[in-house]
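What follows is subunit A paired twice: with subunit B in the first complex and subunit C in the second.
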Partner chain A sequence: MSSVAISVDKVIKRFGDFLAVDELSFDVYGGEIFALLGPNGAGKSTTIRMILDILRPNSGQIAVLGGPITEKKKDRIGYLPEERGLYRNIRVIDMMVYLGTLKGMRASEARRRALALLEELDLPDHANSKVQELSKGMQQKVQFAVTVLHNPELIIIDEPFSGLDPLNRLVIRDLLLKMRNQGVAIVMSTHQMNQVEELADRMLMIDKGQQKLYGEVDDIRAQYAEHAIIVDGEGDWSALPGVASVKSNGRAGIKLYLKPDVQVDDVLAAIAQNDAYRITRFERAIPSLDEIFVRVVSGNAYVENVQQTYEEAMR
Partner chain B sequence: MKKIIQIAKHEYLSNLKRKSFLFAAFGVPFIVIALMVIIFALQAATETTLEELGSVGYVDYSGVLAEAIEKPDVFMPFDGEVLAQEALEAEEIGAYFVVSEDYLTTGKVTIYSPGAASEELSEAIDAYLLANLRVSLSLPSNIPTERFANPVNLTYFIMDTGREASGNSIFFAAFMLPVVFLMVFMMGVQISGSFLMAGVVEEKTNRIMELLITSVTPFQLLVGKLIGLGSLGLTQLLIWIGAGLVVLSIGAGVGLEIFTNITIQPDMLVIMITYFILSYFLLASVMAGIGAVSASEQESRQYAGILSLIMVIPYFFIMEFMTNPQGAVPVILTLVPITAPIAAIMRMSFGTLPLEQLLLSYALLAVTTVLITWLSARVFRWAVLLYGSRPRAGDIFRAMFGRLEIGVTSTGNGQREQKEVVQ
Partner chain C sequence: MTRRMLQVVFFELRRNLLRKGYLFVTFGIPAIVLVLLLGYQFLVANNNDDTSTPEFDFRGISVAGYVDESGLFAELPEALSGYFIPYADAETGKEALENGEIDALFVIAPDFLETGDVTEYVPTFDFSRMAPGVVEQLFYATLTEDLPPDVAFRLRQPSVQEEVNIQRGEAQNEDADFVAIYAFTMVFITSIFMTNAYLMQTVIEEKENRLIEILISTMRPVELLMGKIFALSIVGIVQVVVWIASMFFLLQLAMRLPAFALTVLPSIVFPVEMLPMMIIYFVLGYLLFAAIFGMIGAISSSMQEGPQYVTIFVIPSILPFYFFELFINQPNHILVQIFSYFPLTSPLSMIMRLTLRAVGLLEIILSIVLLAAAALGMMWLAGRFFRVQTLLSGNPFKLRDLPRLLRD
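== the complex of A and B ==
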């Protein structure tokens, strides 16, 4: 891993009696996309605001780009808040240059970079338009361009893809990946799980201000994997050796719960040896982050439910 | 510092292009000049010239004209007002004037005329009386010397309407100048102050504030805005002063007595601009604070309106300022920071403002301005990220003097409010 971009250490934040962030610790590294997950009100925005020095923690330490945050360091951070806005009655290029200079860029440099970014985002003809003349999607792209205008080393984006159509989503995604590969640390706060699966390298899930899950996205998904496989095809699945129970999920495939001592490989071998079975799909039942999210957030209720299904199957 | 200048530049340039500014800076003086031209043209058209009057009678109670010299042919002496009035009604004369008994000390002369008397007539009376005053001087007397500088203190009595108008243009100038200054000053401070407030409210409602606040400190933002919009207000003030000087020189060139008597001393301009800068910072920083705290532009305007009402308080005491410029009320209003600019200029117009009072007024205003700007910056810092809910007075007070964090209200119902804020 490369340098530590953000280091949050046992941070606590209270608003009056309300505990918004409860002893949270995590690190974000350069060259990775880090997802900050959690339901509404979990403390995501509060955490981001503390990283950006808008709010001060009651206790704990936050280091950004190798030390406490300073005014100078804010020039190296790009931030796109969830509640977005732009000046309305001003030309796109003028606004971008102004916001760029506030990040310490020289006006000429900001202008050059802004034009290049607009080019990259398919907006070169709109540099001289007033912001209010742009469509919503275009405005979102301009907001994104403002965020990365000054070539920040750390980018923090609240809900990066909200309000974007699939095509523009791809454009932004590619840009994020490109910057990650250049070594930029990217934090995205979201509750849209498919984006995390697609993009994020590591993640932190919080709920009620507390850490719930933290680590590599793939590891976490594997950790939540059930002892089950998903197949599509023909055959009497319940008769297959090693299968404890069968659950059809329609288009999502047929889920085969395995007996505790049976390995996935054994099941595949059994299917291959028996002509009565044909498969078009075979995979481990790794839950989507959506499922994990629901499971973690709704606490034990869901887990117990799954456990119950599993135990019923075992009988 | 670099960022403050950048913010100032941006605020200056982007607001300079606003239609409302262009109208205020160029449109208003233009309309005022146009109106003045129309008014003077109309007045000139209704004035009766000396020739049209035919003969002009006069009644002298003072004795100055007893052995009159240099009497214009059209002037006819009468023995008493009754006779003159009869002659006027019989249209033997076009008008008459009465030189009062105490003329030598007061210079009091009253013109009775059926229509507005012309400048020509009053100039003729001036010249006639001045010539005869000189004769009186060679005799032993106790004539005050200012009588020569200003031989006649005219009162016009227009017969048609019974309306009395003082002809002493110096009085008019003294009365008008503070009014004009008040207007220019208020509009300058108001326009830039309200631009600042509207800008803050806009940045808050479209949430660009969050972006700004992670690039610069709230203090840099506030100071940058204050400087940028202050320069804008000053630009406007200078345009207006320029337009005013043009009007004056044109007016004086045309020979309108009103204008020839108005002289704006350079020291008065300097004092005006100094007051403008100081009280602009005072007012605008308060307005920025209000903008940060208010939920909408309409709401913020109401509070701003109260402020400007306080500023014009000295004007309600104009009689006091005219009759007794060194009295308690004018002195106090000169020293109270928010009323100081208007009060000081009014006192300078009606009399003199002692240097030590001027300096004390400056000092008090400057200290207050620094203090208020500092307090506003604290409220601003705290309130810029506060959305939706209107903070309570207690919270604002705590933000000024205590340790209330940015975008967070105090405890109590803080939790409900902080949800809106934080999430």
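== the complex of A and C ==
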């Protein structure tokens, strides 16, 4: 793992009587994409604002890029908040150069880099357009370009893909992965769990200002995995050796709960050896982050209730 | 000044100096005044060859008929032949009116000298033909027909009067004073409010466009505010310098044009020696209102909301203008003194008094100290308002938030 880009240690933030962040601790490393998850009002934006020195914590320590944040360090950070916009009546290139110079770049350098980024984002003909002349998707891409214009070592992005069509989502995703591979630390706050599963190396899930889940995305998903497999195909699944019970998941396949001493490999071997079974799908029943999110935030009872309602509707 | 503040200054300077509205007001208005001056001169030069004869200029009436029952207008003055046709009686005149030979008929009553009674007949209802000055022209031309042209002209323009107000202790043309006060206060006050309105707009724009969070993650909010204030002070100073230079030039030009010889313009004394002092008041006044407008920008969540708060401060600040006669006639009046020291009204009051040169050094010093202190205090207050919680809040400002803003 690379050097620590952000270190948050027992941070508390109150707004009057409201406890927004409650003794939160986590680290973010260079060269990783770190997902910050949580329901609305969980304290994600407050945490980000404290990291960026927009807000001050009531207690606890925050170190950014090797120590307390300074005015000079702000030049090494790229930030794209959830509530974001651009100057509407100004040429794209002029605005990018201005925001680049605020981050310590020389105007000529900012111009050169802005033009290169616009080229990369398929917007080379819009450098001289006013922002108000661009589509929403184009504006989103310009916002992203502004965030990474000054080659930051730490990027914090709230909902990086909102307002983007699938094609542009891929463009931004590739850029993020490229920067991660170059050693940039990327903090991504989002509600789109599929993006976290696809992109993030590690994650922190918070609720009501408190840490709920923290660690590698794959590890967390594995922790929530059931002793079950999901299959699609033909055959009498309840009669398959090693299977304790069977549950239809509708279009999501058939879930086979395994007996405690049975391994997944054993079940696969049993299917392969018996001509009465045909499969088009076979996978471990690892829950999606969406399911884990709902389970963590709302509790298991809520999930089971929703599941039951769903099953009744499918019958 | 920090590097980031400097970048804000350059950016705001560039986009505000190039605003179409700013360019039009700063350069377009002096250009329009210049065109008007030259146009007026051209019109007068082409229409006023003989100053002894009044101009026959009644839009709806080219030829007027008249019936003289008073016996005062026995002969039509030569200067008016072609404009007037006498008729022996009203019936003949009306017939001519119906036939379209004349545009209106005036019947001058037998007791005209005592009563001034005249009856006008018109073919249809038409405002442009209702011209009470027509008979006055006839009367004037008849009376002055035998007089030398310069005497006739002086009868029409009896005097160019200069009033001396002994309270002020020097000879002044009060009309000229009025024009000067009007012009100078308009220049300074328009510029102060216009540039500060731009300042407020830029703050609200960054809040509305949701750029503010990106900006304040890069710099301290107070750096952003100070950068904007500094940039727009330059924008305002450029505007004032252009306007004052234009006023000086236009006044010099007007003094050389014959058309303005009899107007108030040549009597205006350009207060050159007072300009540095006026600029000091402008800068301090600008800073005071910049802090107020910046503060309002910080608490406003839309372009519609800001101007509503602004009026609370703008209306008192222009109050002295409604008392300009008091400033001219009684410069030591208690109200004038109060206006001169109260920081919201002192920029305008002192610019008015400096234009008239009716102010002592001690008063200037005290007024400047008070204004500077108020500007500094307001800057501090603006700094308290221009903070993260206010800038990032989407909620409308409430008075109950005030103690928290001042305390935190």
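The rule we apply is simple: the second predicted complex is superposed on the first by the 300 of 315 C-alpha atoms of A that agree within 3 Å, B and C clash if a C-alpha of one lies under 4 Å from a C-alpha of the other, contacts with A are read in each partner's own complex, and residues count from 1 in each chain.
We take it that a contact is a pair of C-beta atoms (placed from the backbone, for glycine too) under 8 Å apart; a residue touches a chain by one contact, two chains touch by 3 or more.
Small disclaimer: the values here were computed from a predicted structure and weren't measured.
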Clash or fit: subunit B against subunit C, after overlaying the two structures on subunit A? clash
Examine A:102 and indicate which partner it touches, taking first as subunit B and second as subunit C; both and neither are also allowed. both
Between subunit B (first) and subunit C (second), which, if any, makes contact with A:17: first, second, both or neither? first
Tell me the contact category for A:115 with respect to subunit B and subunit C: first, second, both or neither. neither
Identify the partner contact of A:41: answer first if only subunit B is touched, second if only subunit C is, both if each is, neither if none is. first
Is it subunit B or subunit C that touches the larger share of residues in subunit A? B
Residue overlap on subunit A between the subunit B contact set and the subunit C contact set? 49, 52-55, 71, 74-75, 77, 79, 81, 83-88, 90, 98-99, 101-104, 146
Considering the complex alone, what residue numbers of subunit C touch subunit A? 2-4, 7-8, 11, 15, 205-206, 208-211, 213-220, 388, 392
Residues of subunit A touching subunit C in their complex? 49, 52-55, 71, 74-75, 77, 79-81, 83-88, 90, 98-99, 101-104, 146
Tell me, which parts of subunit A touch subunit B in their complex? 15-18, 20, 40-41, 45-46, 49, 52-56, 71, 74-75, 77, 79, 81, 83-88, 90, 94, 98-99, 101-104, 146
Would you pull the subunit B residues touching subunit A in the complex into a rising list? 2-3, 6-7, 10, 14, 202-203, 205-208, 210-217, 385, 387, 405-408, 410-412, 414-415, 418-419, 422-423
